[in-house]
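First chain A sits with chain B, and in the next complex the same chain sits with chain C.
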Partner chain A sequence: MSASEDTFSTLCQLLEPFNTAKIGLKPETDISADLNIDSVSVMDFVMEVEDHFNIDIPLNVLSETRSIADLVKVVEGRLAKV
Partner chain B sequence: MHGTVVKGSLRQGEDGPVLKPTPHQNPVLAKVLGGFATLAAGLDYAARGVTGYNFYSSRGQLEHVLPYRELRTRAVATARKLLSSGLKRGERVAIVAETSPDFMIVFFGCQYAGLVPCPMPYSMYIGGKEAYVSRIAGMLKKARASAVILSSDLSSHIGAAAQIAGTAIVKTFQELQAQPESIEKPRPFEVDDVAYIQYSSGSTSSPKGVLITQKAIVANTRGILRDGLKITNDDRAFSWLPLYHDMGLVGFCLSPMMGQVTVDYMSTPSFARRPALWLKLMSDNRSTIAYSPSFGFDLAARRINGEAATLDLSAWRVAGIGGDMVRADVLNLFAEKLSVAGFDAKAFTASYGMAESTLAITFADLTKPVKIDTVDRLHYKLAQRAVPASEALKASPERVRNFVVCGKPIAGHQIVVRGDNGQDLTDREIGHILIKGPSLMAGYFENSEATQAVMSADGYMDTGDMGYWLDGEIVVTGRAKDLILHNGRNIWPQDIEWAAEQIEPLRSGDAAAFAVEGEDGDDDVVVLVHCRLAEPAEMEELRRKIAAVVHQTSGVECAVVLVAPKSLPFTSSGKLSRAGAKDGYIAGEITEISPLARMPHRPSGETRLQAAQ
Partner chain C sequence: MTDLFDKHRTISERHERMLSLGANAVGLTNDRILSPTRAIIEGRETVLAGTNNYMGITFDPDCIAAGQEALDLYGTGTTGSRIANGSYAQHRELELELAQFLNRKHCIMFTTGYQANLGMLAGLAGPKDTIYLDADSHSSIYDGCTLSGAKLVRFRHNDASDLDKRLARSEDEGGRLVVVEGIYSMLGDRAPLADFVEVKKKHGFQLLVDEAHSFGVLGPNGRGLADEVGLEDDVDFVVGTFSKSIGAIGGFGAGNHPQFNMLRYASRPYMFTASPSPATVATSLAAIRKLKAEPQRRNRLRVNSTRLFDGFKSLGLALGCDSVSPIVAVNCPDEVSTIAMWNALLKAGVYVNIALPPGTPGKQCLLRCSVSAAHTFEDIDRIVSLFGEVVAQGHYRKAV
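Up next is the complex of A and B:
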C-alpha cells in the first residue's frame, strides 16, 4: 500500500461517522456535496483530521478542497512541511 | 494565526520569554465605563492602563498579547502608514477580520487616520472559494473601498475579489507595516464623524453596509457597559465570536476597550474545531462575561465530557445568548453538564439587538434566570396574540410556543410594537418591532432606497422582527420577512435560490428556499426546485449538485425537494412567492416527484399542529 493509499484509508475511517447516508467512499467523493454535511460537522471532521495527523489546515486551503483525493494531497502537503 | 505584525517580545518564540496575559484590572487608572467622545478618545484613555486583548491558538496556547497601550502606539503608527499609501480622509478601508492583533491595529489605525474601516468576513466552507470571492467582491464594490488589507494566506482569494471590484490598493498586514510613515499628522475621527461600516447585513447578491457614527458607537457601548452588563473592576471578557459581526466587533472588541476591560480571544474556526477549549480557557482566566448563540452552548456541552469536573466557571456571571432562537433545552443541558464546574444557570442572560442599532437594544435583568413565556400556538398563529398557555396545554409541546423575554431597552432608547396599520399595540399583541435612539445607524451606506424602506417619518426604524410587550419587557417571536436563521447566522433565501439557479438546466424562478421549524426548534432549510428531467438518475444528480452548491455558498445542509415544473406559486406582480411555496409544501400540495427520493423531508411542528386541530 502506498503512502497516499494509506492516507486515503485513514481519511475514510475518520469520515465514517459523518457518512450518515452510508455511501461508498471513493477518492473522487465530494466531501461537502456527496455527504451533505453542515458547516459545523465539517469543522468537527477537520479537527479529527488535524488531531490525527497533528497538522493545521488553514481555511483558505480548505476552501479549495473538494474531494477526498484533494484532502489526501492537502494532508500530505502539510505533513511534508512539519 | 498568521499575524507577523506583532514581533519580538509580543510573539512567543521557541525560546522567547513566556507570555503573560493582561490582568483583569488596572491597579491605578480609574475605571470609566464609556462615554468618551470617540473610539480614538476611548483608546487614548484605555492606553493609560495595563489591560488589553489576549489571543489564544486553536490548541489553547497564548500566542499574542496586545495591551491597549501597545494597541494605541501601533494604531497611531499604522494611521501614518495608511496615509502614506495614498488614502484620503473618509475613504473606506476593507480589513479582513481575522481574530488577530493585526485586525485590531488596522481598525484603530483607521480611527486615528480618519479612514472608515469595513470589517470583511473570512469565513469559508470546504470547497467554497468561488462563493467567498464573489461575496467579498460584492462588499468591496458596495463600499467603494479604496483599499483592502488582508493576511498573506488569503491573498489569492482577496486579490481575485479586489480585481473584480476594482479596489486599487491591496496590501497584506505585513506590506502595510513596511510602508513609510507619512509626515502628515493623522487627524483622528471627531465626535460628528462616522466610525465604521459593517457588512453583515443584506444578501450576498446585494450586501448592505450599516453605517455607524461615532455618536452611535459611543452611545451603544456606554449602554452595554453601564445599563446592560453593569461592568465592574472584576470583569474579564472571553470571545470566540467573529469580529465581522456586531456581537463580536461591538460586544467583544469595542465595548471592552471603551470600558478598559481585558478580553481573551480564540478564533471562530478554533472554537468550531474545539468547542470545549472555550470553557477551559474561561476557567483558566476566571472570565466573567461571554456570549454565544444557542448552538455554541450546545456544542460545548456535548464536547466537554469528563473534563467539566476539572474546570472552575464560578466567576462566569453573564452567559449571554444572542443571534438565534434561544432554546431552553440547550440551556438546561449546558447548566446540567457544567454545574459540576460551578456554573450558575442564573448567569444566562437574554438580550436583543442588531447591527442597525450598532448592537444592543435590550438586556434582561442580569440577576434573574432566563424568563420563558409559554403561549398557545394556535392563537399565536391565527390571531397574532400571545395568549399564555394553560397547564393542560403545556402538557402537549406541539400546541405551545416558548418565547424568551428579552428585557428592557437601554437608557435613552425607545421601542414600539406596531400593528400592520401602524397602530401602537399593547401587552401580548404581536406586531412589528420598531426602535429609536442614539444607537441607530446613520443609514445603509450609499443606499437611500434601502434606508428609506426601514426608517419611518417619526424617527423609528423597523427592525424587521415581530414581537410583543410583556410587563414592560420585549419578547421577540421571529422575523417578519423570509430570513432564515441557522446557527446564529442570518441567511437570505435569495442567496440560496440564486446559487441553485446557476445549476443547469435551472433558470431564474425555478427555486424557492425557506425554513421550516425542525424538531429542535431550529430552522431546517428546504429548497423546492422545478425539475424538468425525467430520468431518475439524472434527477438525483441534480439534487446532489444543488445541495453541494448551497453548502458551498451558505454552509448549510438543506433538503432539496424536486417538484413539478410550474408548481411554484408566483405573486400577481410576477415575483416568486416564498410564503406561498412554503404553505403549499407544508399542506402537501407541492410534493417531491423523484421516485428515488431517499427520505422525503417532512416538516414536523406545523404538521403536528394541523393534526391536532
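Up next is the complex of A and C:
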C-alpha cells in the first residue's frame, strides 16, 4: 500500500463517525456535498485529522479542499513540512 | 444557466421542514413591544426570554430622552463614514467615556457589534499573521478572521491545553492573535481565562476577548469576564456590543496599545460604513452611564439568572453548562421535540430562542433563554412553570 493509500485509508476511518448515511467512500467523494456534512462538522472532522497526524490544517485551506483526495494531498503536504 | 439560488436548496428544504412542523422562528414578528420583557406576538401578551436585553434598559426614560434630544439636535443620521464625513462630537464623547468605563486607554466605536469583530480582527491581523480561534466562536469572529486574510487555526472549545499544543507545533512567522469569548452565546459558558493566560505566558501572543455577552454583566465593574477574574492586564484587546446590555445597536473595540488608533485607518469595516446615528450614540452613552451608576441592575440580573437556572435544574432539565450566566440553554433530545416545545411555549405565552445545528456546538438542539434584570421573580417562575408544563406534555426527555 502506498503512502497516499495509507493516508486515504486513515482519513476514511476518521470520517466514519461523520458519515452517518454510511455512503461508500472513494477518493473523489466530496466530503461536504456527497456526505451531506455541514460546514461545522467538516471543521470538526479536520480537527480529528490534525490530531491524528499531529499537524495543523489552517481553515483557509479548506475552501479549496472538496474531496477526500484533495485532503490526502493537504495532509501529505503538511506532513512533508514537519 | 445555473441558478445562483441552487446552492441554497438544502437550507430551503430545511426551512420548509421547520415551517411544516409549525416553527417560524426566523420569521417571528413582535407585533408590539410593551416593555423590555413583554411583547404582543400572534395576538398574545408574551413574556420575552430570548432578547439578550440583559439590563432591561431599552425603555429606560433617561435613555429614551437622550435619544430624542439627539434626534432634535443632530438629525436622523450621519450620512457617511467618519473618515469621509468626519466624526460628530458625540462619537468622541462616547469613545472617551467608554474607554474610562473599560479602564482602557483607547476605544473605537463600530456601527454594529458584528462589524466590531470584523473591524478589530481584520484590522489587527493580516495575511502573514495567524489567528487562533475557539471552535465555538461566534460567526462574526469567523467572518472577521476570514476578512483578515490571516492563517486561521481552530482550537477545541475552552481547551487551553489544545491551544498550547497547536501553538507548540506551529511555524508562525508573523504575529499571533488568540480569540476567546467572555460568555459563549449558545450555551452560556465562560472561557477559562486564567488557563489561556498561562498559555499566553508560555508562548507569547496577543489576546482578544469578545465580551459581547459579558459586558455589563460580569465583574465588579461590569466590564466583563476579565474584570470578573481579575485578568484585565493580560487581555490586549476587548470587543463588545451595544445591542445587548446597552439596549441599542453598535459595537466597540478597546485596548492599551499605543498604536491602537491606527485601526481607524487600517480597518475596512470601520472606514467604509456609515457611522452610528446620533440617536444611537446618545442612547448608548446614556446606557453606559446607567451601567456605571446602577450596579443593582447587574446584581438583579445575577439573582434572576440563578433563579431560572435553579428552577430548570429542579425540573431535571439538561442545561448547556454548569455555571450560572444570563444565558440558560435547555438541551433537547432532537429537532422535532425542540420545535414542538418551542411552539408549545410560545402558545403558552413565553418566547425563547430556538437554536439548531449547525449553529450550535456539538449538534445540540437548544431552547435558549436569556434573562433580563427587568424580569420579575413572577416572570422567572412563570417561565419555569411553563417549561414544566411542556415537559409534562411529553415533548421532552432528558438529553444525554
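In this text, the second predicted complex is superposed on the first by the 82 of 82 C-alpha atoms of A that agree within 3 Å, B and C clash if a C-alpha of one lies under 4 Å from a C-alpha of the other, contacts with A are read in each partner's own complex, and residues count from 1 in each chain.
Quick note on the criterion: a residue touches a chain if its C-beta (ideal position, glycine included) is under 8 Å from a C-beta of that chain, and two chains touch if they have at least 3 such contacts.
In this text the structure is predicted, and so the values were computed from the model without any measurement.
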item	value
Which superposed partner A:72 touches (first chain B, second chain C, both, neither)	neither
Broader residue contact with chain A after superposition on the shared chain, chain B or chain C	B
Partner chain in contact with A:15 - chain B first, chain C second, else both or neither	neither
Touching partner for A:47 - first (chain B), second (chain C), both, neither	both
Which of chain B and chain C A:25 touches, first, second, both or neither	neither
Contacts of A:58 with chain B and chain C, given as first, second, both or neither	both
Contacts of A:81 with chain B and chain C, given as first, second, both or neither	second
Touching partner for A:38 - first (chain B), second (chain C), both, neither	both
Common interface residues of chain A - those touching chain B in one complex and chain C in the other	36, 38-40, 43-44, 47, 56, 58-60
Complex contact set, residues of chain A against chain B	21, 30-34, 36-40, 42-44, 46-47, 50, 56, 58-60, 62-66
Complex contacts: residues of chain A adjacent to chain C	36, 38-41, 43-44, 47, 54-56, 58-60, 81-82
Chain C residues within the chain A interface of the complex	10, 130, 135, 145-146, 151-154, 156, 166, 169-171, 357-358, 363
Parts of chain B lying in touch with chain A, wherever the complex brings them together	2, 58, 122-129, 132, 153-154, 156-157, 269, 272-274, 295, 299, 487, 544-545, 547-548, 551-552, 555-557, 598
